[in-house]
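Multiple structures are listed underneath, in structure tokens.
Below, subunit A partners subunit B and then partners subunit C, in two separate complexes.
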Partner chain A sequence: MSNANADAQSTLRNLSYRQGLAVGTVGVFVLVGLLGVIFPGSIANDLFRIITSRSTLSSALRLSVPIVFAALGGIFAEKSGVINIGLEGLLIISAFTGVLVTDLVGASSSVFFVPAVWVGFLAGILASTLFSLLFAIVCIEFRADQIIAGLAVWLIALGLAPFAANVKYGSPNSDNLGSAGTFDQWTIPVLSDIPVLGAVFDATPVVYLMLLAVPLTWFVLNHTSFGKWIQASGENPKALDTVGVNVNRVRYAGVLLSGVLSGVGGAALSLSLGQFIGNGQTMVNGKGFIAIVAFLFGNYNPIGAFGASFLFAGLEAVQLRLQQVPGYAIPDTLIQTVPYVTVIVVLALVGKTKIPKAAGEHYESGDD
Partner chain B sequence: MDRRTFIKGTGIVGITGLAGCTGGPQDGSGDGGDGGSEETTMSGGDESMNESTTESSGEGSASADINVGVVYALGGLGDKSFNDAAQTGVKQAEEELGITYNEAQPSSAEEFPQFQRQFAQGDEYDLVCCIGFAQQSALKNTAPNFPDQKFMLVDSTVEQDNVANYLFKEEQGSFQVGHLAGLLTSQEFAAGGGETSPDQKTIGFVGGVDAPLIRKFQAGYEAGAAHADEEVEVLTAYTGSFSDPQAGKEAALSMYDQGADIVYHAAGASGVGVFQAAQEKGGFAIGVDSDQSKAEPDYADIILASMVKRVDTAVFESIQNVANDEFEGGSTVTLGLEQEGVACVYGAEIGSDIPSGVKSEVDASAEAIIGGDISVPTSTQ
Partner chain C sequence: MSTAVHLDGITKRFPGVVANDDVDLSVERGTVHALLGENGAGKTTLMNILYGLYQPTEGTIHIDGTARDFHSPRDAIDAGVGMIHQHFMLVDPMTITENIVLGNEPRKWLGLAVDSAQARTEVRELSNRYGFDVDPDAKIEDVSVGVQQRVEILKALYRGADVLILDEPTAVLTPQEVEELFDVFEELTEQGKTIIFISHKLGEVMEAADEVTVLRDGKNVGTVDTADTTREQLAELMVGREVLMEPESDYQEPGDTVLGVQALRAEDSRGVEAVTDANFAVREGEIFGIAGIDGNGQSELIECITGLKTPTTGHISYKGRDITNAPRKQRIDDGMAYIPEDRHERGLVMEFDLTQNGILGSQHSEPFAKGGRIDWNRVETHAQDIITEYDVRPPNKDADAESFSGGNQQKFIVGREFQRNPDLVVATHPTRGVDIGATNFIHDRLLDLRASGKAVVLVSSNLTEVQGLSDRLAVMHDGEIMDVVDPSTVTEEQIGLLMAGEHIDDAERATIAPDGGDR
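Up next is the complex of A and B:
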């Protein structure tokens, strides 16, 4: 008996951080499922019904799009050694530019056979990339403190986007572009008929884009020389410099990629709704910060970051549905703290999140 | 190293500057536009220190001697419902009474007292309009400090001699649209971009922030639906924000997925997501505060009706009272169905397709509410 116990303990200890998280998550689901089957009519039963519904899955996928893209961008920047806490600002800028340009082009018209929505989408990405270039120059060229510069990116975007909306639309919210200003649903025949999981094949193009971007990012980071440079630039820039790669150039690439990816996320968010809401915290509403939490939680692994984002978005989707079941109204404000509580628990108790060694530090090549 | 400290210093000063001046009251006098708003946002750090003394341009003051300051609710102008309705009232006063006005769109609750005080100090404004229940606690502190300043408050009450309060019986209007939704979900009905499934008697409600005021909408709606048919199931969800259309859309989508035919929203700018969900799923939606089938023409094919709340009337009346020297400080005016402060207004495009039998039943329940035969609850259990 004690032998088996010791065995189990050593297996537990041997599980890696990631495996531990995965096992834990699956365990919780199985537990909820079992309780749901055993006690029909209980909260576990309702939870189980909600979690396994197709509607919840497609909702969670849609909600995770901006978070996942911003998290992937954050991974690139931070792995290369530049801490980008301005992801929220990049999301805001691209969300606004996406709607603005779509509106300027004319929501139902097209440019060179490219529908206006996609023109706006590209413009949103471009705006966010330019904004991240500014951030990169300030951080890398002028060696500003990365945290302060990142905060500035957020605050500038938070002021600039509603201000620009005010100039154009006379209010911090843009006009509504109607259904012409949003992405259409792409339904893949046959596959979309699969129960529950079919939701993955009946979604907007940005969801597919997200599902492509995650493995692609993972591949680039782990299996290309560019990915190795990015990692080396954050872990040991001296070594990278020694083999003759320009560290600053790699860091520029990392930050610009974070701009591109956040741009995709922000434009996807606003163009899925055809409107930019600039009041208060804007329609982005902290998604950029949740993205930071997500990639920390996922330990800088794109797959892990996707898992964490999906978990947070899934909680939101479940929460919206659980409210509709009479009896247990879980306050949404409580649910919204879950990501932050999770990251504190993970950082404090598990403590395995490995921050790149040289992140936040400037690198000065001995050459000049 | 010097350069680094310099940039760090500039960064900090710049951020403080930006944070310090996230918007002063906006100059909307004259044409009512606000193109010149928030110029202060772009100004440098040191200017922000004396930014609190916001200028109000004196232009147009020759033609009118009534000057009004408006502090809007969170959600801002362009929400196509609550705040826009308030602005309609101000603009009406501008046209008919020749007043001038300045407006402020706070972006967080902490800015309410700031804007109220800015308008109140300096004796420049004859009336400060505070729009929305969330301003009540701020006004409670501001009003006693400026005893000579006249205030008006919409959707809540502050018992001070210089505050005129305007309340609405939202539950009555919501009862009306709930009655309509309950009647329609039980029968076969198709119009514009939506249709009902008579076999499932389910309707939905999406609220913004979970507050007693929004609960009033929900309570009236549920009572109205039950009045139509006891078996009607009402799904309810709150998005937690008046400016999160994504959450509004997801909440409504989940309701349509569960078989809801009609979803009513009281969620400000988040409500646009509800309309979108209705269009995507071929269901119906009910708008709030102003006639949203006109304010959001893109969604006119699924907006059955709107629970119109005449915030514009309240704002206009209060300004008119000040202009006529009839300001009634300390009073509370409650506008219900009887005073036409709230009403169920049918959609501009598909409203005419609603069977006349249904409409006459809804009219009958309105009569019954005014006559006191039906009492509508103001809170949910």
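Up next is the complex of A and C:
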């Protein structure tokens, strides 16, 4: 009895850490808001206006698309027991393939009534999925170290995409496909007229896709057999094997889904801009790694991962806006450290992110 | 009655080993059948074959009179055979219901979603039918081992199992839970289920089984009705020779003091005093036993002696020198051997093969290490010697420690520690989980050590063992050494009283105190 009591108390203490964090975040926003209202023309006032502006929300949604999709993919892979740190590479591959295929089809033409940009989008997903299949075979069939294989996926993509762009376009960046090779805004009448929040209903199709994918992923993980198998495969694969479910098949599915979802994210990124940028870290620029941070932060819960991605994307959006306000040239490199600093703080203070027990371990069935 | 399971001439060969050799086995429907044998006798292999995890090299399986060919557990499950492994196959963060239905989830919405309400109802009905008391919504990580085992049984029943195989089901249970499990057996057989359980404990086999099949070296050496046999007969079948149930110990005159403990106090990991003012000495050529219910300070006392814990106050001397604060390495180098309580945690590195495990503790000293390099040839010979001499099975020095059964792991640890040629052996539960043959062997070695003038500290919760082997016996209660008695004259009742924390009055004491006691 006293034991149960102690347990309850420790749960309470842990909860209050998380709550404390949430309350703290909201508190900071409220404080900024209050100061902004009280002192017009102050820094706080500028910040308040930026945070509550419709265009900030709009760009936060846009910026979160690749992070959210990669994070959802990462959840599937890692929950099934395969740590996929190659998400960044998958984003790069699909971002490039998306633009390349759209361009090859001809930005303003279509295939069987499917506009080129959607053909490119699907091609991007396909490329990323094939890449993840390769990763899955290496990890599951040949039992390579998942971390090393994941790094290889990233490094190969980081070299291959700009190289291919160089061959095709003579520069690491692709040509700009113009508005025909870019996703349009889909504006929903009436709803889009709501002040500020209307931004949600005046966005590219990939933003809607994201808002659909998050609850769908949550449903799949929590309410379908497949979701339960994914969890069992990552926690105790032997338990799954002994009830007659093929663990490796579940893991292949998990990794391939990470390929599909990262593919959506990567192609969405480049086709929202109409161009692939291959300079330096490419246009993906660490979003795949931030996605890993986001799902860890969200404790493998798709809703939590979305929240974390949105927070990181929101900070980036605010930072971009701040650059335009005279006197606040905050270096973006500084802002980019925020997700990583946050996750260290969260992991240190909250310590509740529960990594699947068998994540990173090969599974060999008892058969011989 | 009809035959539920019939195994006909099962042989299983692994590279270099014959695990099962032409085994026949018949089990009647609605009975409890025990599979008895020593560690490595092939019990688990045989059952893994029946469950489809291994394919037999030769022989056939008949279920309800029909010959079956199992290529995977799935086939066995479909034929109504379920197995509950020694290590539970449960997913900790999932609920009891989710675990039970895993892989066979009831669906709704055209099969798109799991029907959790339906699943919960089915689990509740199932557990009510067999009188199990489980909360369908509790998470596995929050329930006791006994409940987890019931979940495993329910899992098999949910899949329509008529034959339940349990691999050493009592190894992880408290005595109370063992009784409850046997009640469950009764309930299940009354409802027509057939139970096969693996064990190496004679007592529980006699209590719970209707019939017993004894395996030795992979062969069936006899199937008997428990009503027509005795423990001694079963033990003889198991080891193939007559066994002494109680170790023989001849008193001899002890020599100089090897280990001295003075006014020792120590705290447990939570900072609560666990050892209160311990005083005793252990001399050459004697076995000093420490009895007591687990958790009365024995572990902390031993950790102080072996250098794993620093005492709060007091002194420990070894071979005439104060070693209270000496590092563990120095104690090892000075010839102190230690058979730890928890073999997984402290005895072996599970991911290492036996070759590497064989030099743990001596990895830095001659003859294994010279000038910072390890002489692997010598290390391999050493491991091979331990395996041969201590009959570790299978005799494969290149296999990882985790692939061995608990009993064989223990034999290897005991072998490694004894091979050090120690002056003092600190042995905690040296025969826990070990079969009779190996237990006798370990006991004999402890007596050999004593005969050659070494000192032994023996901690065991097995009263027969500690009373039979020791020359003097200390009884601990709540961190205190209640008394040191002569094990040859003390009665079990008197030890029981001491273990419960009651002193024995002086008149009685005079008859049970050992001669030459140094208190």
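To be clear about the criterion, the second predicted complex is superposed on the first by the 344 of 368 C-alpha atoms of A that agree within 3 Å, B and C clash if a C-alpha of one lies under 4 Å from a C-alpha of the other, contacts with A are read in each partner's own complex, and residues count from 1 in each chain.
Throughout what follows, contacts are C-beta pairs under 8 Å (C-beta built on N, C-alpha and C of every residue); 3 or more make two chains touch, one makes a residue touch a chain.
As the structure is a computational prediction, the values presented were derived from the model and not from experiment.
With both structures placed on the common chain, the touch criterion links A:T224 to subunit C but leaves subunit B unconnected. When the two complexes are overlaid on their common chain A, residue A:N236 makes contact with subunit C while staying clear of subunit B.
In the superposed model, A:E361 lies in contact with neither subunit B nor subunit C. Of the two partners subunit B and subunit C, it is B that touches the larger number of subunit A residues.
Once the two complexes are overlaid on the shared chain, A:S272 sits against subunit B while remaining clear of subunit C. In the superposition on chain A, contact of A:E316 is made with subunit B only, not with subunit C.
Touching subunit B in their complex are the following residues of subunit A: 53, 55-56, 59, 62-63, 138, 142-145, 148-149, 151-152, 155-156, 158-159, 162-163, 166-167, 169-179, 182, 185, 269, 272-275, 277-283, 285, 316-317, 320-321, 323-324, 331-333, 336. Listing the residues of subunit B that touch subunit A in their complex gives 3-4, 7-8, 11-12, 14-15, 18-19, 22, 33-35, 37-38, 41-42, 74-80, 105, 107-108, 204, 210, 235-247, 249-251, 253-255, 257-258, 269, 272-273, 276, 279-280, 296, 298-299. Touching subunit A in their complex are the following residues of subunit C: 48, 53-54, 72-74, 77, 83, 85, 89-94, 98-99, 102-105, 107, 112-114, 116, 155, 159.
For subunit A in complex with subunit C, the touching residues are 219, 223-225, 228-229, 231-232, 235-236, 238-245, 354, 357, 366-368.
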